[in-house]
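So, here's a batch of structures to check.
After this come two complexes, each holding chain A, first together with chain B and then together with chain C.
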Partner chain A sequence: MKPRFVLLSAASLLTAVIAGCGDFKSEFVLNKTTDELIPPAKEIVETELHENFGTPEELVAWLKFPIDYGDEESVTVNVVGFDEGAKGVVRVNSEDELEVDFEGSVLRIGNETEHKISSFDPESGTLHVTPPIEAKLTPEDSVTIVLKQKGWLLKRGRNLYMKHCVHCHGVSGDGNGPTAQYLNPLPRDYRQGKFKFTSTISTEKAAHRDFRRTLYEGIQGTSMPSFKLKLIGDDMDAVIAYVLFLSSRGEYEIRLGGELKVLGGGKDDLEQRLRNEEGLTRAKAIEEFESQEEVSEGLPELSDSVATILAEDWARADNPDVEVWPKTPRPEPTAESIARGRALFISKDAKCSDCHGMQGYGNGSQTEAYQQLPGSTLTYDKPGLYDDWGEPIQPRNLHTGIYRGGRRPIDLYRRIYAGIKGAVMPGFGTSLTDEQIWDLVNYVLSLPYENSWHGDMSAEKTVAEHTVK
Partner chain B sequence: MRKFWCLFFMFWPVLAIWLCWVSPANGWWFPSIAPWELGQQIDDLFYLLLIITTVVFIGTQFALGYVLWKGSDVKPGRAWFSHGSHNLEVIWTILPAIILLFISLYQMDVLARIRVMSKFPEQASRDPIAEVTARQFEWRIRYPAPGKKLLAQPQPDDLYTVNDLHVPVGQPVMIRLRSDDVQHSFGLPHLRLMQDAVPGLVIPVWFRSNAVGKFEIVCKELCGWGHYKMQGELTVELEEDYEAYLKALQEKMNDDGYPADAENAVAQSDEE
Partner chain C sequence: MNSKPHSRRYSARFVAAGAVLLSGVCLAAGCNSNESGGHHVELSDFGTGKPSTAMFARRDVGPDVELTTPAPQKTTPKAEEPAAAEQAPVQKPVVAKPAETKPAPEKPAAAQPKPEQLVVAKKEPAQPAPQEPATEKPAPKTEVALAPQPAPAAAESEKAEPKEDLDAEGRPKLADGTGGFSGVITYKGEAPKPKNLYAKGAAPKDPAVCGAEAIPDQSLIVNQENNGVKNVFIYLRKKPKGFKGGPPSDPLTFDQKHCVFIPHNLIVFAGREILVKNGDPIVHNTHTNPFRNPGFNSAIAADDRVGVKLLYRRPEPVPVKVVCDLHAWMLAYHLVLDHPFCAATDENGKFAIPDLPPGEYEFTIWQETPGYLNKELKVTVEAGKYAEESLAFDAKAFAQFNGPPSKVLALTTGQ
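The block that comes next holds the complex of A and B.
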């Protein structure tokens, strides 16, 4: 082979390696609510986020939040052999099968020195550790092998999230991963801390079991598939921990930004003040903002209180008191029950038909009305309904037989009782009785079959043909 | 260096012979013995193709090696020019044609038994056991209520689940295969079965497993960025276990949350 050819192929191979397998760094991005703050306020949010949540590579677990980050798991074993010549090699008594998780397993001697485990042979019980052990180990000594380090669940959750979830839900959990733009409905943006299909009352957040159910069953009618065979054992808990971590991080950012806005950290507010107040300069206004107690010495306190309230919100969601359970069983879906449900559906009390339409096709009058922007007297540019993320949404067409939050009667009961969080669907738990909700459930469940013959399809066929003639 | 390429090309047929020789005994070709006779016949077809292609591959590689070996000795004088051989071309056109014709006729029976609905066991084609709908990226499954027939149109008492197909052991079963979005392929590697799911079509697929166990369902058509997520599980179980499964699923489908779990019932009464 000619040397030039070899050189050329080596060069092109190198280019491909550098371009294709470059060091991709994933980073958390700031919410646009933070971009609406003046520079010093923005800096505060950025610093606080970095200190309290870290980066995707270096996660920080804020213990304030009710998230299971994964406790340390360790075993104490007896030393069998220690070669003083090779201080990095220890043999331990390994009658139990030890599963060493190499991403940060350590050998601990006493309570002080820790040595990273680089390899472990379970058959002979030989461990290779770095740095070498200085002390002399004898067979009477016992050492601790840390199988899983504190926070292992969160770390594993991060790794699994990066594999299975990130391409839709994004590195920051903002629902803006690379494939998100092709999806309708859009992937959930976790940063408001709102999750639609829950088993809790309308004022509370999603419970741990709701995440588990969504991951297990998927959400039919959306692009969220089931992960029941992909995330088994601890893996599902790990992903849930990481989603809760991202959600807490995102909501903390929004809430802290909100607090700073109240203290005069909003860009728009500042511009307005500059226009209205005579003799106020930008520098002076910023100095005024920075000199406030809450923003200077009191900042840790402010940050802590924001996190405390948020953590309490999350903790309450797992309280059994806020789980929705019917007080009466579901009545048989008789014609009477369905008729009562139908009457309620179009009544002024429930107003279901305002959005879902008189026939439940999801084409009610509200879908053609201009809706008010939240916190404003203005309306959206286009008519129709919008969710809390500012995306246009359709009231469900109840004839499709697809139920995103689950198709069991209890799921529909909960949808009507507690509403769909973040969407327009309100909760009727306080305004309707249990019997009324069940009538509505029976009516809604009957809708997909309203226009079709039950049973043998040959009957329908003849009827259809007959009509055509 | 001249002999290098000759040896290089000779290495592969030797490796191929060795691999073909040791693979079946080591179970490297197939995940396990197919638990039904059609699956085994499909394996036989695979082996037939393997033998034919191995023979051809080795023959051509050795021919290539021979030519390279001979050509590596540079002889003085001008190269000899050949315009080909008519007879040779006729032979290497007709011979593969005969082989292909033989393969297509030989496999026809097995193909028909798998694909042609009129050849399906009557028991299977009369009562499809479930409707499997592929979608990005999961398998949605619809069963009829216990004791009822699966109808084309969804029924109010149908049972739904995801990625979890249960069938009774030893019985021919048929599923209705559909796709909600793009083209998928319903693959049961352990049963050697594979059928594309095409949007707009309902494709009947039948199989039988004589062995109880859990087998993988995979998507065998690259269907998008989450293709690898389309993992399902086929559970082949005894008739009574299967019926118990459907009963449990029916109970789950009709769950109205009343009475609430013991723990929650206490919480609820406190509230009142």
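The block that comes next holds the complex of A and C.
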């Protein structure tokens, strides 16, 4: 009996090892927009993605993007002793820098050879390096110890992302991690380069500080927690760098695919052509696509132009000119200001109530209207509002006191001024004055406490009165 | 007694081994891989015209005769019609202008005895390079809400001039050493009757404002007399090699009146500002989702005659759809290019693109319902004359393409 059991367990373990653990490898998955391309176009997107962004395990940092990947950090120290016999033991002289943990960093001699530091003894200043040093080091020589290699921030961000974020946001940043299906709202899909809660004007992307704030505070009312106790020091910047990397990668994929679609690389387009044009075969159409100048020779140019657009857009977001700041300070939330805000809320000038409802419960008439599908003349099958990811969304119920983009007055001001990107909420900075926006902020902030307005006055009475005004 | 614990232990081990095996199978099947999460099978098909169970109908073709569609050139505008002011933007110049769409005339301007009929691209003859002809006067930066326009004199001068710039067929005269491309796009078969999305007064939202006029269905406008198709874009996808020219500095106007965007089709030179205005006493939000430019989603205040700046920095590969989320039927298209060699057909289906350097071109013909009508229309342009092309498309070509026929989805109870 015993040998049989041993055999059985060994066999099952082997199965687990071969089939299970061996398969556990992080890989970027393709967006469904890439699946809409004909095979040669899809191949182009796959190749370009692999060349420009690598794999989760071997990241490629495209320096075109304004992302802080982490610059090289190194110290130069004098050699004190060199073991000519072992050739792998160097003693260096450095008093204060030696406190740094040298493990995992690199010793560089001149500008050519690099040796991995396998261990470091701070007492004696002895470094053990591999492979052994060929040249003879004398006490006059100095060596460079690279503490942080180029791109260290991105790598660290990747490691932290894989630990903290990947469960929901997925390896590719597609918001489709293993837990995603249990969450409402769904985790953000970074691949459109759109982030909802920002401090920038409505046409710009999210700034670095917005990522920092979201990581620091979490997003109330969603499953996004705060990471302020977890990501300390450089760690938060590292995660942000990796999120920006994933976002750039995802958006690059969508846009390159889109450009190829324009050049005739879309499956649907091809089907339509095959239906309409007589004498056209699939092979001929594919050959036509491949022989185009933009695809055959101009591909690097095309790829570069796509990335340039993204890089420019991301760079602009951190420009202080595009940050939203109120011109006037917030007025006191007096009954008058709240009443003005209330009147504006339901007025034809702001039409907040069209989506958020007359009472601010998020049940306005637009939740019953059919919206148009983007890029098509059709409408959605079901009424209601949809975000840019095609998911149905609810206008916020303003009575809960939960504000996803932050609960500070300035946060609400920015939501109203610049709108919510990727969602339907438009920016009102173009149509309302500062005072009007502040009145709205005061009104919205007062809504959870509506019943305690003006002491004994009931909510219905208050609303009726404001409507008359 | 001795064998019992042993067998119990054995069975426990067996169960454990089985669990390990199962987990192995599970891993192999990819339960752990990140792709498996969050996929749902969507069984409904978008836009197949299935009857909807909504609270109110999506589209309503009203019996009302207040139509804003093809008013043939011959018919004299009925002065007593209250809708005349609103029809004005529809009656575009005879020849579509390159890279230029006339701003929608304001109400008072349209009330004048229609000098716009003859306004055509005004070209400076001295211009050597194929530059975009400056057609309109710089729009006043600040306009007073619907105040009478102090521009009757200007309108007269415009009326007097353009005739010199037109050839016998009403197309802009070509600059020296350049050619042009002109033609007509027609509908093959019996022209579909113009329709309304909502009849007068039947707008499902803000009826006091949006229902003041019928809301026309502009998805396909066919002239009832000569089958010309309006609002078709003809453009070069890429700017011709060697073309150097920047955007004009004066802003374009993109307006909204009675919950309809005016104009429906706007040709924009990338880098040229657009002032998004609002002629309605209610707020609108103008929402674009362009491909190469940042999206725009801003509220436009009621009666905003100054306009909100909208800037496309880069050219777009296909026309950009513009919507208003507050009024879900509102729809317009912006064609953003980095050259002036493009046109939109007028109500007779005619277009003319002047000042092309001689050579061979591939034009894209695009209509909003099917998308591309022709992606690569090869045209050879010779100096000193227009290359002409008459294109007719049948109903099938103008039909909405809903993707390839959907596959039958087999639902099995097994794996």
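In this section, the second predicted complex is superposed on the first by the 419 of 469 C-alpha atoms of A that agree within 3 Å, B and C clash if a C-alpha of one lies under 4 Å from a C-alpha of the other, contacts with A are read in each partner's own complex, and residues count from 1 in each chain.
In this section, contacts are C-beta pairs under 8 Å (C-beta built on N, C-alpha and C of every residue); 3 or more make two chains touch, one makes a residue touch a chain.
Model, not experiment: these values are computed from the prediction.
When the two complexes are overlaid on their common chain A, residue A:Pro426 makes contact with chain C while staying clear of chain B. Judged by the touch definition given at the top, the superposed model places A:Arg255 against chain C, while chain B stays out of reach. By the touch criterion defined above, A:Thr179 lies against chain B and chain C together after alignment on the C-alpha atoms of chain A.
Taking chain A as the reference chain, the count of touched residues is higher for C when chain B and chain C are set side by side. When both complexes are overlaid on chain A, the residue A:Asp354 reaches chain C alone and has no touch with chain B. When the shared chain is aligned, chain C comes close enough to touch A:Tyr380, but chain B does not.
Legend: residue contacts after superposition of the two complexes on their common chain; A:Glu323 is shown touching chain B, with no touch to chain C.
Shared-chain residue A:Ala339: touches no atom of chain B or chain C. In the three-chain superposition model, chain A touches both chain B and chain C at residues 179. Note for the complex: chain A touches chain B at residues 164, 167, 179, 217-218, 220, 223, 225-230, 320-321, 323-330, 333, 401, 407-410, 413-414, 438, 445-446, 448-449, 452, 454-457, 460. On the side of chain A, the complex with chain C involves touching residues 1, 5, 8-9, 12-13, 15-16, 19-21, 23-24, 29, 166, 170-172, 176-181, 186, 202-205, 255, 258-259, 262, 264, 267-269, 271-272, 276, 309, 313, 348-351, 354, 365-366, 368-383, 385, 388, 419, 421, 424-432. Contact residues of chain B toward chain A in the complex are 135-138, 140, 151-156, 160, 162-164, 225-226, 229-233, 252-260, 263-265, 267-268, 270-271. Partner chain A is touched in their complex by these residues of chain C: 10, 13-14, 16-18, 20-21, 23-28, 30, 32-38, 44, 46-47, 50, 52, 54-56, 58, 204-206, 219, 237, 281-283, 285-287, 289, 291-292, 294-302, 304, 308, 314, 317-318, 321, 323, 325-326, 328, 331, 368-369, 372, 375, 396-397, 400-404.
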